[in-house]
């Protein structure tokens, strides 16, 4: 099996067949181990940030960490940062849902139908590696600068990892399962719903996990380029208003968000795919 | 094609695209803005209700820079865009039919100005000749800043073709000078004020003033089609906007003025207080704009000569 | 319950990559009649195309030539009343479903019953294979033998008139295999469906069958069919001690393992 | 009969579909239904592509983008594999770095531009760092997983033959983890290209990403689309090349996975 995959900066393999995957817990998936050395390292670096900003680095763009934390609490609680953050999250999730939905549907179609697969795969292969930010300028011409454009960019970014993983998952469905469904004389629709989709779920989830991380990045980039609202735009505005503490507050919030999103989807995955991970042991 | 793609997405994301409820009788104009001091009259007119008096509601779409507003104007996503003269002229030259309907911001009459080329105090950079073979930071290449940086270097004894222009975002220019990555930078307020008052940099020259006094820089543009279809709306817009210009000039430096401007720029009030903002105007004199067009031709942004008056609508010309 | 049905294969051939240089003949002219309610076993050496044969009989694979008929009606896709028990039980069970939901999978297409009725109906079959207590476990929580029993319960829940068994006992340990033999025999005697088994295990073939068809190595053809003539009910201790059992075992092992100069 | 044709209908459609779409677009532009100033005709873009290729205008921006990508990708990959081996083999090193990795990893890398410009300036170092950060984490995480997933029996076998320490890592652990590492490398390649373009767009002085933004803001849409096409082909070729390389190097992995 040729390992097919896309951008993933979270857990690996778009190759759920890796037996090791069930055995080796993902980074961050384990809690409560003695990681005090690591936490100390993080604290030491934050301390270095604080000290360097206070004593050595003289720049408006390098506020002490304590001021960033204060800005985060001031701006993030019911103030502007809170609202732009909500707007970004909504944009991201809308784009994600649309892109993922399309990706799953197209992936199933491509995975099942040889004609579609042969017809569309060259196009997919050509569009897939297209760096998404490169699409922002032409999409501004096509769709304007609103949420429609940014949502399309996000959906586009999400589409391909999900599509490719889904198609791969569909093709990797155990033939015996399909034959079983056939001998029980289940129709096409029932076979897809009861066999093909659940069996492809490990692959689909890999795609979703990859895409979620990507969706956040792309949302922020689109907002930085096209403005309007959102945390990416906020980040730029605060930078141009020379309020670097607020800007870093947004960065910190993004880090927390990225961490939380990954945690959530990994948790959901572990729950939904309990049968899959248990099997790997 | 565009319409189809757009409506398809809107259908899919109806929940997302928060369309304003069209309850009032006001005509809604979508205006692309950049949240900088230059658009103070517009924000004032909005805050003071001047637009509503003319039956217009303004829906602003802020963007981080000018690269986005004009394509959005061309594609019909917004009705009016605040942008700079060079970008508007470039679009017009490409057949996008941009027309300036209202004046925006101007450079100062004389030094000190709102924009300057700065360098480290001990760098010894005072003229364009000192920049030969050096690195100069501009926020964007092929825009108005870059154009006048070139013009200034050549006008003060240097050779602009020997200068390396590096794109650095305004907020990072002081860091770039401090770190030695560039020798000089074309800074604008409030970064200019912050850098000079902090002693980090000294002014080498004011490129705009050196070339010409009171250059029209920022302006509001629509498309020809929009102008032809909505002459009354445009007139109402300009009337209300010009009221904002008057108020802005009459009340410059007042607490209310500061409050409005700091409200949309997010600039802290103490930053605003130190700034010397040139007065706003209501008209753009074609002759004041023409040198910019000629410079664009000289520095290769235009392939052929362009009459400044060709992009100016009646509403922005002297009556 | 309906009685078993007949299955007739007439001159079935199968070749892969037809018309290409690498063409490979798997089945050569197979004709076989399985009577209603009969337990027939096909034995053959490894790689002789037994699974291909069974999949064609089940309508899961298209033959290159010849015809398959179930109760006289031509088979061109999985027919009703036929159930296939796969060798790879781990792969034929849906790992995301509990045991009882796996059994329900057999009857979901029929749509006649409510959820609860369906569950109760399927529980009977789980009881039959002694797994009622494990209804809400997942297949991967069970041992191999238990998983195969789930697959058997599921097959029976579909109320087959003919059951095709594709080496279903080959991947469990010897003791479990014997228990499964007992069970399948008992269920078959209760319900009188037609059973068609393929295996390479001669003891298994003799133990279970009314009749045994011997397949040659590929391209496969049926070398001969033999009536076992062993009494029923069979017993896992005493039946293998019968002289007829030993005789058949001896004969089959000899014919399957000796070089087949004459068969080519 | 269709399936006797040397080329399947799907493959014919794969060629026909884009051709039809492009023809339709061409027609739409010609008829004025789509404004040429916003969407150029495909033939115009093709003409521009030919101009770029024949005039030799491709090489400087392409070289710039590729140089940035190659250096950043190479350095970050080596560092990530090295740290990944350490983290995978040593519980202490793992505990030391894991929280830091978890804090930095989910950050949208473009948001890191201001501090990076502050500390690294605006030159290639800064851009390479942005790209390198994007490359680093997928490779690191896959390496750690690969190393920890190495069958202990393999390691024990090596021990019984007298291998120890570094030789176990280089002869057993690293090769066994390679399929994982390659997965990380392939993922990182895609991300790296994206980040090169972002970096060039937000603080660029050349390269393909910069050209796309620059063409867009000077309304040279034909050129912009031509460069987008070049970008797509570049990404496609890089991915293809990588898969070829991986297939060649990982043949043993594919074989062992290929069992039914």
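Going in written order, the chains are labelled A, B, C and D, and every chain counts its residues from 1.
Methods note: contacts are C-beta pairs under 8 Å (C-beta built on N, C-alpha and C of every residue); 3 or more make two chains touch, one makes a residue touch a chain.
What you see is a predicted model; the values in this text were computed from it and never measured.
Chemist: Pick the chain whose C-alpha centre of mass, unweighted, sits closest to the average of all protein C-alpha coordinates shown.
Modeler: A
Chemist: On a C-alpha centroid basis, what's the spacing between chain A and chain B, in Å?
Modeler: 36
Chemist: Round to the nearest whole Å and give the separation of the Cα centres of chain A and chain C.
Modeler: 47
Chemist: Using Cα averages as centroids, what's the distance between chain C and chain D in whole Å?
Modeler: Here the centre of chain D sits 50 Å away from the centre of chain C.
Chemist: Check each residue of chain B and list the ones that touch at least two other chains.
Modeler: Residues 1-2, 67, 71, 74-75, 169, 171-172, 175 of chain B each touch two or more of the other chains.
Chemist: At least two partner chains per residue is the criterion; list those residues in chain A.
Modeler: If we look for residues of chain A contacting two or more partner chains, we find 59, 61, 137, 140-142, 224-225, 239.
Chemist: In chain C, which residues are in touch with two or more of the other chains?
Modeler: Within chain C, no residue touches at least two other chains.
Chemist: Graph shape for the chains shown, where an edge means the two chains touch. Line, ring, star, complete, or other?
Modeler: Shape = other; not a path, cycle, star or full graph.
Chemist: Hey, which chains are touching each other here?
Modeler: A-B, A-C, A-D, B-D
Chemist: Mind listing the chain B positions that touch chain A in their complex?
Modeler: Spelled out, the residues of chain B in touch with chain A are 1-2, 5-6, 9-10, 12-13, 15-18, 32, 35-36, 61-64, 67-69, 71-72, 74-78, 169-172, 174-175, 178, 190-191, 194, 265-268, 271.
Chemist: Which residues of chain A touch chain B once you look at their complex with the stated criterion?
Modeler: The contact residues of chain A facing chain B are 58-61, 90-91, 94, 98, 137, 140-148, 151-152, 224-229, 233, 236-243, 246.
Chemist: Per the contact definition, I'd like the list of chain C residues that touch chain A in the complex.
Modeler: Checking each residue of chain C against chain A gives 55, 58, 60, 77-78, 80, 82-84, 86, 88, 91-92, 94-96, 105-106, 108-109, 138, 140-141, 158.
Chemist: Which stretch or stretches of chain B touch chain D in the complex?
Modeler: Counting only chain B, the residues touching chain D are 1-2, 66-67, 70-71, 74-75, 87, 90-91, 93-96, 137, 140-143, 165-169, 171-172, 175-176, 179-182, 301.
Chemist: Okay, in this complex, where on chain A does chain D touch?
Modeler: Within the complex, chain A touches chain D at residues 1-3, 5-15, 17-21, 23-24, 26-28, 33-39, 41-42, 45, 57, 59, 61-62, 114-123, 125-135, 137-138, 140-142, 210, 213, 216-217, 220-221, 224-225, 232, 235, 239, 244, 247, 250-251, 254-255, 257-259, 261-262.
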